[in-house]
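All chains are identified by letter, namely A, B, C and D, in their written order; residue positions are counted from 1 within each chain.
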Amino acid sequence: MKLKRAGDPREFDVELISRDGAVVRVRVGREEIAAEFAPSATGGGTLTINGRRYPIFGVRRKDSILVAAGPASFEFKLAETSLRRRARGLVAPEIIAPMPGKVLRVLVKDGDLVESGQPLVVIEAMKMETTLAAESAAVVKRVRVEAGQMVDHGAVLIELSPAPASSAAVSALRVS
Amino acid sequence: MVVSSQSMKRQLKKLLVANRGEIALRIIRSARLFGLRTVAVFSEVDAMSAHVAAADEAILIGPAEPANSYLDISKIIAAARQSGADAIHPGYGFLSERAEFARAAAEAGIVFVGPRPEVMAALGDKVAARRIAAEAGVPVVPGIETGEVSAAREFAERADYPILVKAAAGGGGRGMRVVGESAQLESALEAASHEAAAAFGDGRIFIEKYLARPRHIEVQILGDEDGGVVALGERECSIQRRHQKIVEESPAPGLSASMRTKMIDAALSLARAANYTNAGTVEFLVEGDNFYFLEVNARLQVEHPVTEMRFGIDLVCEQLRIASGGHVPKSLAPRGASIECRINAEDPEHDFRPATGSVLHLSVPSGPCVRFDSHLAVGAEVTPWYDGLIGKLICFGADREEARRRMVNALDEFALLGVTNNAAYLRDVVASEQFRDAKLSTHFVEEFFAGWHPADADITAALIAAAMTADGAFGEDRQAAGAPRPGAVNRSPWESLKNFELWGSRR
Amino acid sequence: MVVSSQSMKRQLKKLLVANRGEIALRIIRSARLFGLRTVAVFSEVDAMSAHVAAADEAILIGPAEPANSYLDISKIIAAARQSGADAIHPGYGFLSERAEFARAAAEAGIVFVGPRPEVMAALGDKVAARRIAAEAGVPVVPGIETGEVSAAREFAERADYPILVKAAAGGGGRGMRVVGESAQLESALEAASHEAAAAFGDGRIFIEKYLARPRHIEVQILGDEDGGVVALGERECSIQRRHQKIVEESPAPGLSASMRTKMIDAALSLARAANYTNAGTVEFLVEGDNFYFLEVNARLQVEHPVTEMRFGIDLVCEQLRIASGGHVPKSLAPRGASIECRINAEDPEHDFRPATGSVLHLSVPSGPCVRFDSHLAVGAEVTPWYDGLIGKLICFGADREEARRRMVNALDEFALLGVTNNAAYLRDVVASEQFRDAKLSTHFVEEFFAGWHPADADITAALIAAAMTADGAFGEDRQAAGAPRPGAVNRSPWESLKNFELWGSRR
Amino acid sequence: MKLKRAGDPREFDVELISRDGAVVRVRVGREEIAAEFAPSATGGGTLTINGRRYPIFGVRRKDSILVAAGPASFEFKLAETSLRRRARGLVAPEIIAPMPGKVLRVLVKDGDLVESGQPLVVIEAMKMETTLAAESAAVVKRVRVEAGQMVDHGAVLIELSPAPASSAAVSALRVS
């Protein structure tokens, strides 16, 4: 299966080939890896990859997989699902709330032509202001929120369409 | 001395804890130890959280929005009246540094566990605090006590850029801006003032020379009603992100004995000058052999456990003793070294963007010289409403290196699934050469850990784990799969990925 | 001093831990801190337990039966060879006091973390140990060094009943019998010898005058290869059931400074006389102003954490340093007081009968000055094969009363479902007047807690909880209901008891 | 429902009457108790009974309920099930292994007449020997185990029948 993680441009191609007792054979990209897995009483287990051991645990969700490898935790999505939004040459024609929070200020209105790095909307969560800006030029197709409104993680805040003479990717990017 | 509410000038009976999360839980524990009944207050989204369960009584004070719950003085005073609490502990954050809160408690005949209102007011205003420090002979950073544009520009030309714009009522880095050149000045003043007004209802700002590469070192103080004052060593808090501390330790590495003495003396004279009572922290910026007064935190600090570990003391019990009219302890001898890591619900790969979620899996380190203060447990929710601090991991050692290695091992034992967090980031920070060699400044994070990402080896391990998970090795997140109760059956896209039989040992 | 395997006479690289459960986990943690790679060994039933996951390598050494796994010297030495371990830590119990194990390690060129084999042999034989103590000028209990019936009867007449029959190779109360009258003598000698033979493969027994109401107080010692010896204070271990300690503390309440000095001096001279190296404990019985040598435990004690908490030291790291040819620490200054409670899988309402099961729910106390050493976690199995110790709760305080109250609160935060255990019993013991007032003797349990049962109020609360549980408030034990994986559906007789609809807040 | 706990002669009659929000009304014996229950995020909750709070958690099993009230944990069985074994005037005509372990010694044989307190069988678990004895006179109907054998919790070790001219209760009881 092909997996993506937020903010990582890479697409990971991983396949479970076999599991024979403790030995787990997995293909990661072109490389085939043989790891050892020892389940622990607590539901997770220990994965040994050429001599190094990782306590691992995983949870399946509808469209993502959460895994912990030691203190590092990851959320993988099926690449397919992350591609769903591809439309008209835009990787992400929408500005998505990266976290649940409150919309503090909306800095653009429908029809505005925005430039790369231009702040579009400011949301607040956990006492911190986060400004979402365009990654490259685009046209504001529709502003879907207003100041003061609470928005959930993943909510579409602003719809964008390609800028004239530009099909550059547009996506949410935080600027401080 | 025995920790006890007995035989005190004022014998307190019931303490209301005006806070939430790990600190509310931690305060409740020590209050019980001190012999007090405890009252928790909570907002609607916190109804099922740990501090509510831990207290002897719990009172709902409002909706999630802090302004209508944890920041609502009248509701909290009402809860104290309703429950018959004779004392209030504010914890940190929220109302902990609001003089009017302390005043409201006093007017309601309730003991406020903290300094007197007028002292809080004076020290809470950074401009006023600067004056008090200067008058007490404590060095302060060159600066001006106004945010007025022309004066600011004049100062900036004189002192030379960069300069730092700060909120008079500020805290936690909010309403703070570094200005590198005159072009940015006006907008920075405006932005800082705006943020300060929004955050503290007080838009006043002031300006200081921006120190290039300072360390942040603070001194823990305790003062009692009879003028007794004591300092419990220092804490190094230079490792910060977004002006918020993430790793703290005591003692401050490489701090000379003479510097330590000077800073402690400065903290004590400031405390005396301010007639300081209860627990507080005097923060300094240190550059070379110079140190400058930064601010006083007139409350318990998040990082107070690093002091407790070295001094073998319970600072919350000391606060309660002082609030009961008792005295500060005779100055104690510290031992060894301790380090704290703040585990935050945030994404270190994306500018520490706040994260939320519910805890699906939690593995907590333990054993000798390891302490974990947290309200987390499997099933707990991290909401967007409050600060992202979800746990404090504190390790002690005979010396810094022992404490540091213990922290690396402890973080390696830590695992949290369901809420994006900075544990792996902290692990890499504490394990780094730069931290081992104490290359400390408030720029540590930008200098050494900008653009941090998990190691490829970790990602590979995670991918293998993901493949096993997709195959059903560890089961579903039943809640997410929409099955609130055990016994329900899942449909999952992952089933289709399975390419061979379930195996026996799978759980 | 920095904890580190560096710069040692012998630089160890890899440690095999010849044990299981909480102590294996605890040793692995300190070994890692000391810079060693770690190897766990495990029996078939322990494959999924915590110490296996914690180590860098893990080797299966046999079936559950201890004789064929954790007690099988050849298998453990083979595992050490196979993994290239250059040192073995025996923990406590199992092979920890078997001189032949230490000898086998030495012959395999592996460093044994403990005293030299000949020293273990001498001290492991209680009869020989008595002699060494006596020669070192340490007072011993009147007795005879044989279990021969007529000699025993003669001694008993002379010293007067009751007398105590003990196994020369004994430990943990096994092969021990109190004889109150001559009628019981012969059968007691037979039974003790039988039990000793079965337990230790050595049926030799000896006899001591039975002390009516002694306290059990022991001294922690450390010795190095260069003759350095240090004592790290005492531990009071009088609270026992079935001759096994369940509550330990340091310092020993009410022990006069002069008594303490005498006992510590006695322990040190014994250690010197025996050329003792590494960590050990000299146990004494104390009656009034007299103390008598009981035995030497030539290993790490279960209760070592109470010493660690007071001295701010990691005894396992000290063991590893000594095993590396390093020196004992300069005598350290203790601080405050600490108490340990042993949480056992046993039923205090039925003569502490061993219990087994799998952990369905676990709530562990934490916070300042609280330490919990355990291998337990939800899902873990407690099998009938091994000792019932499943966790050690240790609390520190500025003084005994603070530590005691902290322990009561910590136990109130503890919850374990699925394995019958003594947590509530320990809670009542530590909360009792008799413990608060330190009415301590080895008869504490029989005198004050015979026929203990949970309070009626607790039973009422439990019954209400049971009614809610029957109604489905907390869900099923899916494993017990025969559904190994999530997603399975339960049938349950309790469903039929439900007399109204499910409610929303139920989880 | 009627509940029993091991070694407690009492039979507890408890019924959940109603639950209205946080208020749980329960009948325990003849007494009606109103308690407050606040669920916690971890799956258990806090039960408040006239001012005193108990952290509680419970698990249902096929024929028993496990509950924790603070550090105290309890196993309740439906009285009915615990009565199942009633037969011919004997409360428990069988000597049951109180824990999994190994049979060390069997001290009686079929047909023996045993007296109150007479040791019948010795089993070992967790390094400790536990002797099971008759609580009152009985006749050994059948010895079902032999020395050296591993037995599981609840295994029937010895079947007993009433002693001549005696219908006194017989059950497993530990003597040290």
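Going forward, contacts are C-beta pairs under 8 Å (C-beta built on N, C-alpha and C of every residue); 3 or more make two chains touch, one makes a residue touch a chain.
The structure presented is a predicted model; accordingly, all values stated were derived computationally and were not measured.
J.: According to the touch definition, list the chains common to the neighbour sets of chain A and chain D.
T.: Touching chain A and chain D alike, sorted by label: B, C.
J.: Identify the chain pair with more contacting C-beta pairs: A-B or A-C.
T.: Greater number of contacting C-beta pairs: A-B.
J.: Taking the mean of the C-alpha atoms as each chain's centre, how many Å separate chain C from chain D?
T.: Whole-Å distance between the two chain centres: 29.
J.: In whole angstrom, how far does the Cα centroid of chain A sit from the Cα centroid of chain C?
T.: Centre separation, chain A to chain C: 50 Å.
J.: Between chain B and chain C, what is the separation of their C-alpha centroids in Å?
T.: Roughly 38 Å separates the two chain centres.
J.: Quick check: what residues of chain D touch more than one other chain, meaning two or more?
T.: 39, 42-43, 45, 55
J.: In chain B, what residues contact two or more other chains?
T.: Chain B, residues with two or more chain partners: 363, 379, 413, 472, 475-476, 506-507.
J.: Chain B touches which residues of chain D in the complex?
T.: So the residues of chain D touching chain B come out as 38-43, 45-46, 53, 55.
J.: Report the residues of chain C in contact with chain A in the complex, numbered from low to high.
T.: These residues of chain C touch chain A: 47-50, 52-53, 56, 58, 358, 377-381.
J.: Please give the residue numbers of chain D that touch chain C in the complex, ascending.
T.: Chain D reaches chain C through residues 1, 3, 6-8, 12, 14-16, 18-19, 24, 26, 28, 33, 35, 37, 39, 42-45, 47, 49, 52, 54-63, 65-76, 78, 98-101, 125-130, 153, 174, 176.
J.: For the complex, give me every residue of chain B touching chain C.
T.: 1-4, 25-26, 29-30, 32-33, 54, 305, 308, 312-314, 316, 335-336, 363-364, 366-374, 379, 396-399, 401-402, 405-406, 409, 413, 472, 475-476, 478, 484-490, 502, 506-507
J.: Taking the touch rule as given, give the residues of chain C at its contact with chain D in the complex, in rising order.
T.: So the residues of chain C touching chain D come out as 172, 174, 195, 199, 242, 345-347, 349-351, 353-356, 360-361, 363, 383-388, 411-418, 420-421, 423-424, 426-427, 453-454, 457-477, 480-481, 492-494, 497, 499-500, 503, 505-507.
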